[in-house]
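What follows are several structures.
Common to both upcoming complexes is chain A, partnered first by chain B, then by chain C.
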Partner chain A sequence: MADLGAMCVWIALALASYGAVGSVLGKMRGSSELVVSAQRASHLTVLALTVATLSLVTLFINRDFEVAYVAAHSDIAMEDYFTWVAFYAGNEGSLLYIAFVLSIMAAVAVWRAPAATQETLPYTNGVLMVVLTFFLAVIGFMANPFDKLPFIPLDGEGINPLLTHFGMFFHPPALMAGLIAASIPLAFVLGSLVGGKTSDQWLDAARVWGIISWALLACGLLLGSWWAYTILGWGGYWFWDPVENAALMPWLGLTAFIHSVMVQKRRGMFRMWNIVLINVAFGLALYGMFMNRGGSVPSVHSFGESTLGWIFLLFLAVGVIVPFAVFFWRYNKLKSDRDLDSMLSREAAFLINNLLLLAIAFVTLWGTVYPLLSQLFIGEEITLARPFYDQMNGPIFLALIFLMGVGPLLPWRQATWAAVRRSLLVPSIAAVAVIVVLMTVGIWKPYALAGFALAAMVTTGVLQDWARGAGSTAKARGENYAAAFVHLVWGNRPRYGGYIVHLAVVMVALGVVGTSFFNIQRDVALAPGESVTVRDYEVRYLGTTEEFKGNRTEYLSRFEVHKNGEFAYLMEPGRHFYPSFNMASTRAAIHSTPVEDLYLVTSENMADGSVGVRILVNPLIWWMWVAGPVMVAGTLIALWPQPARIPVRAPSLLTVPGPRPQTTGPGPA
Partner chain B sequence: MLNARRSSIFPVALATAFAAVTLLALVAFPSTGFAQDGSLPSSGPPTGSYNEDEAQGIDRMLMCPVCPAESIDQAQVELARQMQQKVRELLAEGYTRQEVLDYFEERYGPKVLAAPPKTGAHIWAWVLPIGSVLLGTGAGLVILRSMKRPSAARQTVQEQGDEDLQPYLEEVDRGLAFDDPATAAGSSPPPEEPNG
Partner chain C sequence: MLVVAGMLALLCAIAVLHPFLRRDPPGDAETDSDNAAGYAELESMLDSIQTLQLEHQIGNIPEDTFREHLQTYRLEAASLLRRIDESRVPDPEQDLERQVLLARLASNGVNGTWLVCAGCGEQLMGHGEACPVCGQSQSTTARRTEGARRVEEGEGGEDPLAGLRREAGTTPLDDSEE
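Moving on, here comes the complex of A and B:
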């Protein structure tokens, strides 16, 4: 099995490098046979990597400890379904996973490529195969999961206990897939530019794949937060950890891209800017993988220490320099079709949104590299951790949410102040009302007030727009409001899908503001029968049961919660101690409601039966986890293929008074 | 023309407001800032002769020296617990927040602080990113303004009576999402090519 897997990796490497060279050479020399054969070779990498992946899975299921990777990441006691997690628990398996996902995505992207990109598709495929070749070469030469040990150990070292959590089944794969998916929009842009197609040919493909990558990263980030919340045992969900940042930065870059690309789609503007954005996002994604797999920065994610750092750094440099070189090469041909009509327009709002997103990405990047910089320039390593990010990025995030409330209400091209006042009147009233209500109940924290007010503003803005749209559609089509609303959403999926995602972002913001400013935390030691009161919760400790399970001892503590003097519910936080790792993984007990979570996690089990327990009241965090499915739903709506539009109403535009720009559309191919 | 001038002020004003908020954040909350959770007295009972919320605020500003990228509030190791204990002892002895932080910095070096002070050589850690962000945003806005069409063309649009045009443009935005003839024409594929 190990030999089969290793062989398939080498075959895939050969296919991918042939695919890369053949596509580009074939296109340059005009040899369609070579292009087609390179294309097929590229598609065949999927097959080779499927076999390699299945081989590794089989090795895990059989607990074939002769294979070093299997011995290092599993043991006999491990349940079989954790193979899924063990597969990417270390560098070698993660890289194989990344290569596998990339080969599938590349095949689908090339297969479903829109007509406008067909002519330059060999270049696009070439770019994708270069990336795939890099990963496969690293797997083959430096980090082969099929390498064997000189002996066969009796048992493996076991899976890292922190990984044995439901969230781990989706968080790392979603993030890795999201990071690598960023190479697909880049490949379309780069392919078009190299092939001399300097107009909007790449736009639709890059937008769709940009959103896919963005959504995968968003899911990965939310699941990672949820994992941290339930298992890391400190009651938080985000710590601006270097590896969290590594996934956040490309997500920010892609957020900017998928907004800004709408301006290009609708108005034929910002073309150069969008190319810059996707280059930046791809660079940040590579940097993310470098941080994850290179292990150069200390982080709670340092699961796989490795020496891959320098090779990833090299690839990062190439991955940043080459796309920008191509961009500057084609610079003179990339002029926008149109000019900006007004600074008070949705276009301008989009650009400011882009700048703010990049600002957050830059601050985050700065915080991640500062330990290295300070080592170089000051001679001592300085940490920039959570207080830094909170102070720097907090205000920018607030500005971004403000823009999220204003931007979509501005029309394209040019707004008048009267129109702005009209659409912002209700949202502003809502914001002020929220501030007044909160201040009367005694909440005076400025950031919290701003956060809640902006959340109210965005929400009312979106709902107002929905109501108006549904109203006018209902009138126009003679339907009831519900049917009209469905038609409205279905008729303009990108816009309404985007609105739903905006609402999900508001939910996340509620959770962040709630937990950052209003949480209560108590660390106490309790003997059985003792109780402690936290605000209006009385938490009584009943006792702990202990159970040996192969590789671990499982402690389960029972607590009785009384609220307002009445028995409310039982809570059972667990703690699994792994002697072989000298490490405990905790299972917090969480009683979750939309208003607040009561969160119990045990930190220590003492010999006399008493426990150290952390009790947290986390307001509004429930909204954050609900935001995930909402965000996915919104993204799916936005991505759902729109049928070719019947341009029946287009002529009516000619009656619009004033000069409608008569520039031609995207230049002919 | 009035409209044109006012509209160009809008993003500049926004950027200024944003810059002001950032600076305000740094000035008004020098040591706690955005993450001042729990540092204000809340309804929890005070235990002993120190303020537990203050202690937790300090916990979050100290990194655990032996764990990767975790504060002593998060870390699940013995050393972190001892450091938490020490924070509370020092507070009970009457140390201020800054004195407690200094105490740990003296013993564990500057790396123990979750963020450096905004003084001395460390000021660059704070000033440089703010400066770059402001510069970048400013440059972006200047470029954006330079993208505006020549003023003659803009004036024509202005003179057409925005009020009459506005409802129509809104309707165009709402209903005709992608009917823009300029982008629908030409050789590019119909928007929303089903390729996802």
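Moving on, here comes the complex of A and C:
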């Protein structure tokens, strides 16, 4: 099975290389046979990599420890359902997964490419196959998951305990898929530019794949935060860890792109800016893969040593230089023929939104590379921690949320102050009302007040838009409000899908503000029968049970929680100690409500039966996890294909007797 | 397992080489691609108009701004349609129909019924400065209608259908025959 997998990797490498060279050469020489042949080779990489992937999965299921990768990331005691996680627990498997996903996405992207891109599709395919060739070459020559050991060990080393979590089934695959998906919009842009199509041919394809990449990264980031919250045992969800930042930055770049690309679609503006944004997003995605797979910096995500840093750095350099070189090559032909009509317009709001997003990305990049730069220039590694990011990015995030509230209420082209005042009146009143209520109950923290007020403003703005839209649709169609609302959303999917995503962002903001400004933390050691009071919770420690399970010892502690003097519920946080790793992974006990979480995690079980426990009250964090499905729903609605408008030839006027009816003059269609 | 891998390699090789064994006539990818890009732009413009109407419907845009923006979008859409038409492969049937239509519209204009734009055939209601749809200047329109008048009254000038008539060997069309 290992031989089959290895052979399939080499077959895929040959196909991808041929696909890259054949597509470009075939197009340049006008050989349609070569182009078709190269495209087939590209599609066949999916088949070869499917077989390779299934081979590795089978090797894990069979616990074939002759294969070095299987021996390093599984053992006999590992539950079978963690096979999928073990698959990408190390560099070799992760790279195979990335190549597999890229081959599928590339095939779908080329197969479903819009008609406008057909002429330059060979170049697009060529770019995609170059990226795939890189990953397959790294797998084949430097990180082959099918390499065999000179001997067969009796048992494997086992899967990293931190990875044995439900979130791991989705968080790493979503992030890796999101990062590599950024190459698809870039390929469409590069393909069009190389092919001399300097108009908007690439626009629709780049937009759709940009949104897909963005949504995958968003899901990956949220799931990663949830994983950190429940398993890392420190009670937080975001550490500004370099690898976390590396995934956040391309997401920020893509967020800017998917907003800005709407301006190009609607108004034919920002073409050059959008190309720069997609180049930047791709560069940041490559940087993310360099950080993640290259192992350049220590991180909670560094699950294994890596010697691949230099090759990823090289590819990063090529991946940044080449797209910008092509951009400057076509620079003179790329200028949009329209300018901003007014700064009081939706396109102007999108422009400012872009600048703010890039500012956050730059601050995050600076904080991430600062340890490397300080080591390089002053010989001392200085790490920038959370206060740096909070102080720099916090105000910019608030400004972004403000724009998220105002932008959708502005029309395209130009707004009048009277219309803006009318649209913003209710949201502004809601924001002020929230501030007044919060100050009345004793909340005076300015950033928290601003965060809650802006959240109220955005939510009210969206609800107001929905209410007005549903009202007018109900009136026009003679329907009830519910049916009219469904018609409204379904008839304007990109717009209202986007609004739903905005609501999800508000939910995330609520969680961030709640936990950043109002969380309570106590670290205590409790003997059985002792209790501690944290705000209105009394937490009583009952005792710990110990159970040996194959590769680990599980400590399960029991706590009784009383709220306002009455018994509320039992909580059972756990610690799993893995002797082979000399590592314990925690399982926090979380009682979650929309108002707040009570979070218990044990840090140490002592010989006298007492336990070290961290107790946190995290307000509003529930909203952050609910935001994930809402964001996915909004994205699906926004991406759901609109029914195609079929061009119909107008009836011949020669057969219509008499003069034509009056059709000129402005007015609603 | 190596046999399976070998069979897979063979299958891939056959599929990759197959296009060289059969020769399909190449299509005109460039024109198709350009037309598709034009239609995609037109789709965007229709979406923009739909959004504008929605914004107006829910009260985000006042009436005068709505009318102004709608008119701008319509002009842009008409201009785009013209570009698409110009880049399209010529269709003799459509061209003939268009020329007959223009000639008829031009004749009607002389009779005082209404004028039409020579650029796009849009009906003109008065002597504005330009066609509200394609932006063609009014003077051009006037020349075309004057030309048609001279054709009708036998004063000379180029008959818009003369070329096609010469090719087809037909006599001038008479409206009453239709």
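In this section, the second predicted complex is superposed on the first by the 644 of 669 C-alpha atoms of A that agree within 3 Å, B and C clash if a C-alpha of one lies under 4 Å from a C-alpha of the other, contacts with A are read in each partner's own complex, and residues count from 1 in each chain.
In this text, contacts are C-beta pairs under 8 Å (C-beta built on N, C-alpha and C of every residue); 3 or more make two chains touch, one makes a residue touch a chain.
All of these numbers come straight from a predicted model, not from anything done at the bench.
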For this session: Could you say whether A:503 touches chain B, chain C, both of them, or neither, answering first, second, both or neither?
Result: neither
Exercise. So, does A:419 touch the first partner chain B, the second partner chain C, both, or neither?
Worked result: both
For this session: For A:57, decide between first (touching chain B), second (touching chain C), both and neither.
Result: neither
Exercise. Does the superposition put A:41 against chain B (first), chain C (second), both, or neither?
Worked result: second
For this session: Quick one: classify A:208 as touching chain B (first), chain C (second), both or neither.
Result: first
For this session: Using the touch definition from the top, say if A:322 reaches chain B (first), chain C (second), both or neither.
Result: neither
Exercise. Regarding the shared-chain residue A:382, is it in contact with chain B (first), chain C (second), both, or neither?
Worked result: first
For this session: In the overlay, answer first, second, both or neither for which of chain B and chain C A:199 touches.
Result: both
Exercise. Should A:568 be classified as contacting the first partner (chain B), the second (chain C), both, or neither?
Worked result: neither
Problem set entry | Overlap of the chain B and chain C footprints on chain A, listed as residue numbers | 114-116, 199-201, 203-204, 265-268, 411-416, 418-419, 469, 472, 492, 495, 645, 647, 653, 659, 663-669
Problem set entry | Interface residues, chain A side, partner chain C - complex | 1, 3-4, 7-8, 11, 15, 18, 32-34, 36-37, 40-41, 44, 47-48, 51, 114-120, 197, 199-201, 203-204, 265-268, 409-416, 418-419, 422-423, 465, 468-469, 471-473, 476, 492, 495, 645, 647, 652-655, 659-660, 662-669
For this session: Over in the complex, which chain C residues touch chain A? Could you list them?
Result: 1-2, 4-5, 8-9, 12, 15-20, 23-24, 26, 29-30, 32-37, 39-41, 43-44, 46-62, 65-72, 74, 97, 100-101, 104-105, 108, 113-114, 122-125, 132-133, 178
For this session: Enumerate the contact residues on chain B facing chain A in the complex.
Result: 3-4, 6-8, 10-11, 14-15, 17-18, 21-22, 25-26, 28-29, 32-38, 40, 42-45, 52, 56, 60-61, 63, 67-71, 73-76, 84, 109-116, 121-122, 125-126, 128-130, 132-133, 136-137, 140-141, 144-145, 147-150, 153-154, 156-157, 160-166, 168-196
